[in-house]
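In what follows, chain A forms one complex with chain B and a second complex with chain C.
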Partner chain A sequence: MAIRRGRGVAAINYPTGMNLGGDPTQALVHSTPTGNFMVTLSSVDLGQGMKQIMAQICAETIGVPTDRVVVDTADTDTGPHCMGTFASRGTHRAGNAVIQAAREARQVMLEVAAEELEVNASDLETDGQGNILVKGAPQKSISIFDVALSAHFKRGRSISGRGMFLIPRSYPDKETGAMKPSTCYAHACTVAEVEVDDETGEVTVLTVKNVFEIGRALNPKMVEQQLVGGSWMGISHALYETTEPYYPNRDHGGTDFNQYLMPGPGDLAQTEIIVLERPSADGPYGAKGPGEMCANPQIPAVANAVFDAVGVRIDTLPITPERILRALKAQAAN
Partner chain B sequence: MAKIPVQFTLNGSEKAEFIDSGTTLLNALRDKIGDTSPKGGCHQGTCGACSVIIDGELRLSCLTLAETCNGAAITTTSGLAEGGVLHPLQRAFLDTFATQCGFCTPGMIMAAKVLLEHTPNPSRDEVVEALSGNICRCTGYEPIIQAVLAAARANSQNAA
Partner chain C sequence: MELRKNYFADVRKDDLHEIGQPRPRSDSPGHVTGKTAFFADRSFPGMLHLKMVRSPHHHARIRSIDTSEAEKHPGVVKVLTAKDVPHNVYTILILIQIGPEDETVLADGKVRWKGEAVVAVLAETERAAQEAAAKIKIDYEVLPAVFDMEEALKPGAPLVNEYHGQNYYLYDSGECRKVRFGDVEAGFAGADHILEQSYQSSPIEHAPTETTGCVVAPEGNDRFTCYTNTQAMFFTLDNTSIILQMPGSKLHFVGGTVGGGFGGKVDVIVEPIAILGAKLTGRPVSFVYSREEEMQISSPRAAEKVVIKDGVMKDGRIVARKVTGYTDAGAYSRHSPYGAQKGAGHYPGPYTIPNVWIDTYCVYTNRTPSSAMRGFGVTIGDFALEVQMDKLARLIGMDPLEFRFINAYRDGDMKAHRQPTEGAALIECMQEASRTANWPVAEKFMAMSSYRKGA
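Right, the complex of A and B next:
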C-alpha cells in the first residue's frame, strides 16, 4: 500500500456555439444626442465579462474610447433576438453582430461629419479619442459629440446600426451524411500530475498545466480569469461533482453545499495557464469561445494520470475513491 | 403577530426597524433596510455569501436572528468604501480580477476583513483557512487568495 504518482495528458478541440436549426444573434447600436453609443442585446453577462467585451468591440469598430459605450443586455421583452449565452457563443456570435451594427452606425456618423466638414465621408477617419479627422489634414476635424448633436438636432439623422450574425443550419449530405454541426474550434491541452493513495483511493491533484488556444484574447486579463476558474472547475468535475453518484439511482446525491462536493480554497492544485492566440477567420477581431472549453481537458488528463499512477481506467465521473478502489479490487482479482 | 422593535448600527449609522419574530438578519438587512450587499446563497450557513461583521466578529447573517442584534455594531461590504475611495480589500479584488459573477464577493471580503484585523500579515495558509467557509463557483479561489494577500501587503506598506 502506497501513495503512487501519475501524470496524464489530454488535448481537445471544442466548437464555438451550436447548430440546431441555425444559431442567430442580433444587436442594435445607436448614439445618444451627445455622442455616446448604446449597444442593445438580449445576450446575458454571466459574470464572464460579456458587457465589457461588447463595449470594446463596439468602441473598436466605431472608433471611440470604450468608456463612451454603454451595453444593455438581457431584456428579452424589448431587446433584439439572441439564442442566449451558452455553448461558448457569447463573444463570437454577439460580437460579430455588434461589429455589423457598429459599422452601419459608424457609416451614418461619418456621413453627418462629412456634411458638417463639407468633405466626402470616404475621406474621413476616427482618432479613437472621440474625434473625426480628414485623412491627411488632421487639423480639419470635428468631435463625435458635435456630430451627434448635429445629427439629432440639425440633420435629422439617426446614428444607428443593425447587426445580425447567423450560423445557418447545416443539413446532412444525402449521399455521405457529412454535415457541419459546429464552427470555429478552440483548442486546449492539459497535463495533470496526481498522487493516488492505493489504500484509500484518494486522489490529490498536484499540478495542472494548461495551454489554451482561443483565437484572440480580446481582454487578456479577463480571459486569464476565466481560464483559471475553468481549470479549477475541470478538476472539480473530474474528481468531485455529481448530483447522482450512483446514477441513475438518486441515492446519496448531495442536496446542499455540505454534501455536494467541490474543491475549496484549501484543495487547489498548482495551476499554470498559457494562452495561444491564433485569430479565427470568422471571429470578432479573431476571437473564439473559450468558455466551456477551458473546463474540459482537465477531466481526461486526470483520468489518464490516475491510470498512470495505479493502472486502472475509470470511465465514469467523478473519479471517486470508491470507484478507484473497486477498480483496483477487480484488477487484483484478474 | 406583534412586531418586534430592533435597533443597531449598520456601517456606523443607526437603524431602527419593526420586524417579525424569527426574521433573519440577512432578510432584515436586505428586505427591510435595503442593504443588498450580503447575499442569500444557501440560507443554511454553508456558503458564506451572507457573511457580515457583528461587533468585530464574522457572522453568517442567514443564521443570525435580527432580534438578537439589538445594540450591535454591524458592518457589511457596502459600508467599506469611504468618501468614494474603495477599501484596500475592494481595490485588491478589482486589481487581481478576483470576481466574476460577484455573488460570493461580499462574503469573501467580510471574511478577509476580519482576518486582516486579527492577522495583518497572514500566510497563504492563514488566508485559505479564513476563506474556507466561503464558496466560489467562478474563480477557482486562487485570484481571491491573491487579492487578500495583496490587500495585506498594501496595508503594511501604508502603515510603514
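Right, the complex of A and C next:
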C-alpha cells in the first residue's frame, strides 16, 4: 500500500453563445448633463462582474475613464431586451451591443464638440481622460463635461446611442447535421498532478496548470477570478459532486452542504493560470466567452492523472474513493 | 495568473485605455460589506410566504386532493391547485417554437418525479405555510417508474411523459440529433486500431450561494413587480405571460444582481406561481427555495452517457469517430432537448477527423428534470473525449500530448457540422502547457501554428 503519483493532460475548446432561437441582446447608452454615461441593459450580473465589464467596454468606446460610466441593469421597464446570461454569451453579445450604442453616442458627442471648436468632427479624437482634442493640435481641446452641458442646454442634442447584436437562428440540417451552433471558440489545455492513496482510494490534486485562450482579457483581474473559480469547480466535478451518488438509484442525495460533497479550501490544488489572447473577429475588442469552458479541462485531466498514478480507469463521474478501490480490487483479481 | 503576450501579438492591439486594464470592480465593496441589495432584501408589509406540497412518489396517479384542513390552518390565506393556473401545461422553449408543452406548473392528475409541485400554500408566515402544507391530503396510486436511460428506451418501458408519447425527444431528424460527415464505416475499415468505450456521469447541483426565488408586489394598477434572481429577464417574463395568460405589459421584472447562477436559474419555476398568488390574494408574495429544494428539486446538470468508437492509425491520426450521447432529461424537457443538440454540434471535439458520425438523444426518466448548467451539453462530453484521447495515445504507444498535436484542428479545417475552423488556438495552448508543466514534446510540435498560410 502506497501513495502513488500521476499526471494527466486534457485539451478542449468551447463555443460562445447559442444558435437555438437566434441570439439577440440590445443596449442603450446616454450621457447625463455633466458628461457621465449611462448604459441601460436587461442583462443579468450573476456575480461574475457583467456590470463592470460593460462599463469598461462603454468607456473604451466613448473615450472616457471607466468611473464616468454607470451600468443600469436589469429592469424590464427600462432595459432593452437581452436573451439572458448563459451559454458564455454575456460579455460577447451584450459587449457588442454596448459598443454599437456607445459608437452612436460618441458620434453625437464629437459633432457637438466640433460645433464648439469650429472644426470637423472627423478631425477630433478623445484622450481617454475625459477630453476631446483636435488631431495634431492637442492644445485645441474641450472637456466632455463641457460638451455634455452644451448638448443639453445650448445645442439641443441627445448624446445617446442604440446598440443591437443578433446572431441569427441556425436550423441544423436533418440528415447531415450541418449547422452554425455558436460563434467564436475559446480554448484550454490543463495538466493535473495527483496523488492517489491505493489503500483508501483518496485522491489529492497537487497542482493544476491551466492554459486558457480567451480572445481578450478585457479586465485581467476579473478574468483571473473567473478562471480560478472555474478550475476549482472542475476539480469538484471530477472528484466530489453529485446529487445522486448511486445514479440511476435516486437514494442518498444530499440536501445540504454537510451531505453534498464539495472540496473545502484545504482540498484545492495549487492552481496556475496562464492566459493567451487571440482576438476573435466578432467579439467585443476580440473577447470570447470563457465562463463555462474554464471548468471543463480539469475533469479529464484529473481522470487521466488517476490512471497514470494507479493504472485503473474510472469512466464514471465523480471519481470517488469507492470507485477507485473497487477498480483496484478488480484489477488485483485479474 | 500570467498573460503570455508573446502569442498572437501580430493580431492584437494592446494600446487601449480601459480594455485590458485590471480596474477594481465597482460592485465589490457592496458585495463584501453586505450592502448590495439582492431580491430577498425586498420586504413588503403584508407579504405572504409560499410553500409547495411535493410528490413523495416517482410516478403516481393523483386520485384526489383534499385541501380543507390546510385552508382552516391559522395564517393560511390561499391554497392553489392545478385548476387555478390559467395555462398550466407549458414548456419554456415554446418561446422559440420548441415544443411540445410537456410540464405542469402544479401537477394535474399525475406526478412524474419525486418532488414535483402539486399544491401551493400561501400563508402569513413561513411556519404557517409549512404547517398547513403538511395538512394537505393527497391520495396517490403509485405507478411503475423508470430511472435508467437504457431501460427507458426499451419497448414496454413505463411511459414517463404522455405529452411526448415516447421516452425520448423527437427531433425533426428523428429520435436523435444527427451529424454525418465523411464515411465513418470506411474509416473504421481502414484503421489500424478500433477502440470503443463508454462513459457515464451523475447529476450535479449548481450550488449557488443564493437559492432560487422571487418576491412579488402588486402595484395597485393591475401591474405586478417581480424581484427575481433569474438569469434571463425577458425569457422569464414572456413565459410568465403565457402561463398566467396575462399581457406582458402587466408584468415588471427587476433583477440583475444574482448570488451565483451557473445555469440553475434559467428555468421559469418560481415566478409564475408567485405572481399568480399575488394576483389572487392582492398581497405581496415571497417564494424562495430552501437549500434542500435547491439541491433536490431545482434542475441539476443532467446525467449523461457517452459512447465513443474511434478508428486510429499507428502514426497517431484519428481516421473515424462515432459518438452516441444520451442526456437524462428527467421527467420534463426544460432546456434538455437543446443541451443534447449542443452536444451534437460539439463532438468530435477540437480535432480534425475526416469521418464522423454523431447521434445525441434526449431521454425522459422519472427523476428531477435536469436542465442547463455551466458547460451545458459539453462538459461531460469533454470528459469522455479527453479520457478517450488518453486511452488512444496509450493504445498506440504515443505521448498523450503529442497525440493531440497530430489531430488538433487549425484555421480552415472543416468541422463535422460543416463550419470551417476560425480563430483556432488549441495548438498554442498545448505548446504553452508543455512549457509550463515541463511536459516536453518533439520540436516539430513546438514549431506548429494554428494559422495556415492563405487561410
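Keep this in mind: the second predicted complex is superposed on the first by the 322 of 334 C-alpha atoms of A that agree within 3 Å, B and C clash if a C-alpha of one lies under 4 Å from a C-alpha of the other, contacts with A are read in each partner's own complex, and residues count from 1 in each chain.
FYI, a contact is a pair of C-beta atoms (placed from the backbone, for glycine too) under 8 Å apart; a residue touches a chain by one contact, two chains touch by 3 or more.
Note that the coordinates shown come from a computational prediction; the quantities given were computed from them, not determined experimentally.
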>> For the overlaid complexes, name the partner, chain B or chain C, with more touching residues on chain A.
In response: C
>> So in the superposed three-chain picture, is A:136 touching just chain B, just chain C, both, or none of them (first/second/both/neither)?
In response: neither
> First (chain B), second (chain C), both or neither: which does A:266 touch?
Replying inline: first
>> Contact-wise, after the overlay, does A:229 reach chain B, chain C, both or neither (first, second, both, neither)?
In response: first
>> Contacts for A:156 in the overlay, against chain B (first) and chain C (second): which applies, first, second, both or neither?
In response: neither
>> Per the contact definition in the header, classify A:13: touching chain B only (first), chain C only (second), both, or neither.
In response: second
>> Taking the superposition on A as described, I'd like to know which of chain B and chain C A:47 touches: first, second, both or neither.
In response: both
>> Which partner chains sit in contact with A:258 here, chain B, chain C, both or neither? Use first/second/both/neither.
In response: first
> Of the residues on chain A, which ones does chain B touch that chain C also touches?
Replying inline: 46-47, 49, 221-222, 224, 228, 230, 233, 256-257, 262
> Okay, in this complex, where on chain B does chain A touch?
Replying inline: 41-42, 44, 46-47, 97, 99-102, 127-129, 131-132, 135, 137-145
>> Which residues of chain A touch chain B once you look at their complex with the stated criterion?
In response: 46-49, 221-222, 224-226, 228-233, 256-258, 262, 264-266, 268, 271
>> Give the list of chain A residues in touch with chain C in this complex.
In response: 7-15, 18-22, 41-47, 49, 51-52, 55-57, 59-60, 63, 65-67, 73-77, 79, 81-87, 128, 169, 172, 174-182, 184-185, 187-191, 209, 211-213, 215-224, 227-228, 230, 233, 237, 241-245, 247-250, 253-257, 260, 262, 272-281, 285-286, 288, 291-293, 295-297, 299-301, 303-304, 307, 313, 315-318
